[in-house]
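So, here's a batch of structures to check.
What follows is chain A paired twice: with chain B in the first complex and chain C in the second.
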Partner chain A sequence: MVDSAALAVITFQSTVIGLVFAALGLGFNIVYRVSKSINLAHPAIVLLAVYVTLVASSYLASHGLASLGFALGTLVAAVVGFATGVAMEITIARPLRGRPPVALIAATLGAYYILKGVAKAVARDMWTTASYRLPGISISLGPVVVDATDIAAIVLAGGTLAALIVLHRFTRLGVAMRAVAEDPYGASAYGLPVKTLTMLSWGLAGLAGALAGVALASKTGVEPSIDLYVLEALAASLLAGLDSVAGIVVGGLALGFVRQMSNYFLMSWLPGFGDAAAFILMLLVLLVKPYGLFGTERIERV
Partner chain B sequence: MPPLLEVNNIEVVYHPYILVLKGISISVPEKSIVAVLGPNGAGKTTLLKSISGLVKLDRGRVTRGWIKYAGMRIENRDPEDVSRLGVIYVAEGRRIFRELTVEENIEAVAYAWGVLADPELVYRYFPRLRARRRSRAGYLSGGEQQMLAIGLALLAKPRLLMLDEPSLGLAPKVVHEVYEGIKRLHEEEGVTILLAEQNARKALEIADYGYIIENGKIVMEGPAERLREDKDVQEFYLGLKKAEGGGYRAAKWYRRKKRWV
Partner chain C sequence: MPAGVFKERYSQLMAHLRYPIHWAGLVAGLALLLALPLAGSYAMSLAIDAAIFFVAAVGLAVTTGLAGQISLAQGALLGVGAYTVAKTLEFLAAHGGVPEGSALLLIPAAGLVAAAVGLLVGLPSFKLKGYYLAMASIAAQAVLMYLFQRVIDPNQGVTVPDKAMTLGGLYFGGGGAALYYLTIGVAAVMALVAANIGRSSIGRAFKAVRDNDVSASIVGIDVAKAKALAFAVGAFYAGVAGALYALYNISFGWDAFGLDTSIELLAIVLVGGASRIIWGPLLGVLLLHTGWSLLDDVVSGLPGVGLIGGADTVKYLVFGLLVAGFVVGEPDGLVGVLRRVKEYFRLWPFSY
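Then we have the complex of A and B:
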């Protein structure tokens, strides 16, 4: 029924999409760790970044910088993503610190609509479907054809994941951020700059969302409903465990594979089932491991 | 010379209207060890947290009186700012980063203090931790966790170190080891110590001066040796022989005793 060439292509595409999902979900995990809340505005940060890149790169193209347009546009989006994350921490997360998590969740829902409005305002007459202008390269690896959209997605999503995971696990700054995530109260008693590190975490989550968004839009094209993919990526976060940072890679890849495979194999009788399959997988995992695959079950007092 | 820390008649209220400290004054001279003793719920922790500013994070605040440290008013300041001034609070219940290894705990706190922090300091006073460097702190024994908690505070080169019930839940032998470390770092680092304890015997062994608080008020104070000699203190805090005689005093203490248990 399946020939090996098709399988190779699906495997490759699943991996690319999986990496993108992982990078999209990363922002949820980073915010959850420091603020114990799901940032429902994350999809809007992604949306905003996607359109910022589109607008910036077309602006640059109209000024004779077409070849640099995409790269510079991505850079602008990264800055916007970081700044948005920081702004959310200052205006929403900080005042609500110490309140029940639902308060923050509700506030981020409000921020979602505000940021979506900002994205529309930034896009103006470009608030439609479009695609980034990428060079027309393509490389054949056996049956698999890798084109510029794949390369952009892999580099942006993979690079974001690698950079943030390394920062988190292996640098002093990362260790300090983990300490603040575990116990902000204790951390401030020991003099850790809790406010700055919390703000930085939100900023990095926004940055990751922006870069992942551009990776996603390279593949799927730019569209006003692109934020729905980010909700799907939330499944990858929950699957991995919301407080695990490195686990998100496994969560994302699992989501990518299940989604692509079930879309491919179920296409003929259950079209569009792929998205649902991802959530069914998530539910099954959460039934067995309520904290997700890599979520820490807190060490209780010995 | 004015004391390093002066707490003057403070009132502390938790949100919304829970009055916990009802006019407390203490004074901590530089290079001394001062003990704050008292039963469960007396307000020892609240006092220490009011000084460190952490009471803010519990939605509490100093509503009357003032706190002066090294000549500066510090009541109701942010805990981060207060710690920058050299006032470090080691919370009760061994507050360490359980998910991180011992080494990572040290690294995280050292990050905050940059070149100032010398990781070796932790191992110098609590050599036992060296062998446990790579274990997750959550899996250390209670004593080791307490040692790590105090060690982390040392990284900040504190001028005033506030320890909240370092003996809580530890076996007597381990308490002894922890207190040896405290005594040594007091002598060798010249750090001033404010110690909250229910274990009055242990605290009065190393303290110069002590305050006893009950129900948010100071009920007795004096040099450590005088408190050690005091009959009421002996009976109710040191668990020695019953104070002789009966009368008013015994009846009053009896009522108090009933309240604590």
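Then we have the complex of A and C:
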């Protein structure tokens, strides 16, 4: 059977990937809370951020700042992610408020194309598989070897999750954002700047996507099809419930474990099943419990 | 076009061809389509490609435009049709040989297999709608893609045998004139059927479900049946298109049936205009699919395109701007634009 050392490694890797998926899914949930729509351009925001980091860090490395390259590149990507989120709110979400879901789905698909084009234009000749230049450190904890990619992923994904969950739960700004998400008319009656807060939410979703994307890419490597992982993260969002922010940690970890475990244990019968496992999980959640574990059930009145 | 309505019988009002300009357009269009092979093999292969995507887009227009069920799995259903043809012929070749012309018989069969798969893809629609349904179809697309990659076609590439595409001395493969007339004929028949679906009781049930499924069930429409049927019909069209795709490409792999294709088909339907199930997809295909094929080489040659990462970058940007722009600015799509142009000329030169 499986020996305990291998199991420890798998568990650790599942946790890391799970945290990354949780951070990736966070963007979907934040946007869903305020705009009641799925942002299908989120994968492209991640793609853009991943390549912005690559380009920025290699630019800095060529100017003698190799040691700071990755950190500064991540910072640039975070700014780009925030700005993209804000821009999407202004150009797409705001004019389409109150239109049927198909309109927003289509518009965000349009934004997906645009951002993919921008990412390709930014990357130019770097539009290939690559990996970030990370310091070659590694720590051994028993059988588990933690290297720089794991540390980068844990710090970025965990940090993003912690910061945004704390922001949402415990700050005045978070309370205001929750109020807007729950009842925009009521919130504006109390004098809250609903438009600004909605815009800020989209910006934070973009920021979360950018940081999570860099975490993902430092783990899996930079590749032009990295946006497909973000669609898998949609399963984590759904499992948690699309309007739950803190629940995403549970959803992400569950997805990470399902994915890695099925990859490991089903390797000989169903190769690469982990890629499909996320989507099968998604279908199961949609069919059995569409509002997720922590989401609020919407009651439809006619 | 006359200014008033001079219809005396219901059948006149319901006819597809109501005005002299319709007849003139039909004759001109038919003449153009019949004469197109004279324009060379490049024009013919462009037209075949456009007709294949048109059939798939009409199917999606029935599912999404008429019945309001968002589907991002149409690309994978295209693949189901294509693989039905290729894999059945592979099986026949291994068990006693391929009968002549059998690929042509498999076209409706591919439609039926895809319709059955489409029913499965549409199952979540009984419980879900809107965003949740879109996500379910993305998941179904990904699962089907996994099956293509790992189970059905692990070697990335199948070939339709030449003998299966030959019937009575005519070769229905590649970009030849025989396949051209077959594809155009199939597309015309399927478009006519789709146009009539919208006028039948089934089509009215679809529209009722699209506008409000709860009210539809209150007036006695079987909502589950209507949704299932909408997915099955849309998938049937995708399956037939996939079979034609197999004939046209002869050799193909699963990379053509990914989420990109599904998104492109949805973009075609929405940019063209989801409110008209024939004209919308037709205009969408001509603009987004054929238009791009024509412009691809031109754009690649433009100075400066290499600096921003090649023609694909321009394609993504133009596609994205078109889709987002139409959804935000003109929800009726190209059809809506044309309608306004038509209204303008109806009153011209005495517009207000």
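Everything that follows uses one rule, which is that the second predicted complex is superposed on the first by the 291 of 302 C-alpha atoms of A that agree within 3 Å, B and C clash if a C-alpha of one lies under 4 Å from a C-alpha of the other, contacts with A are read in each partner's own complex, and residues count from 1 in each chain.
Just so we're on the same page, a contact is a pair of C-beta atoms (placed from the backbone, for glycine too) under 8 Å apart; a residue touches a chain by one contact, two chains touch by 3 or more.
The structure presented is a predicted model; accordingly, all values stated were derived computationally and were not measured.
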I'd like to know which partner A:175 touches here: chain B for first, chain C for second, both or neither.
first
Touch test for A:195: chain B only (first), chain C only (second), both, or neither?
first
Between chain B (first) and chain C (second), which does A:103 come into contact with in this model arrangement: first, second, both, or neither?
second
Regarding the shared-chain residue A:114, is it in contact with chain B (first), chain C (second), both, or neither?
second
So in the superposed three-chain picture, is A:183 touching just chain B, just chain C, both, or none of them (first/second/both/neither)?
first
Looking at the overlay, does A:275 come into contact with chain B only (first), chain C only (second), both, or neither?
second
Residues of chain A touched by chain B versus by chain C: which partner has the larger set?
C
Once chain A of both complexes is superposed, is A:296 in touch with chain B (first), chain C (second), both, or neither?
first
Kindly list the residues of chain A that each of chain B and chain C touches, one partner per complex.
302
Residue numbers on chain B that touch chain A, as the complex places them:
52, 54, 57, 59, 79-80, 83-84, 88-91, 93, 95-100, 104-105, 107-113, 136, 138-142, 145, 152-153, 155-156
Applying the document's contact rule, which stretches of chain A touch chain C when the two form their complex?
37-38, 40, 91-92, 95-96, 99-103, 105-107, 109-118, 120-121, 123-125, 127, 228, 231, 234-235, 238, 270-273, 275-276, 278-280, 282-283, 286-287, 290, 300, 302
Please output the residues of chain C touching chain A within their complex, sorted ascending.
64, 68, 70, 123-124, 127-132, 134-136, 138-140, 142-143, 146, 149-150, 212, 214-215, 259, 263, 266-267, 270, 274, 307-310, 312-317, 319-325, 327-328, 331
Taking the touch rule as given, give the residues of chain A at its contact with chain B in the complex, in rising order.
98, 172-173, 175-176, 178-179, 182-183, 185-195, 296, 298-299, 301-302
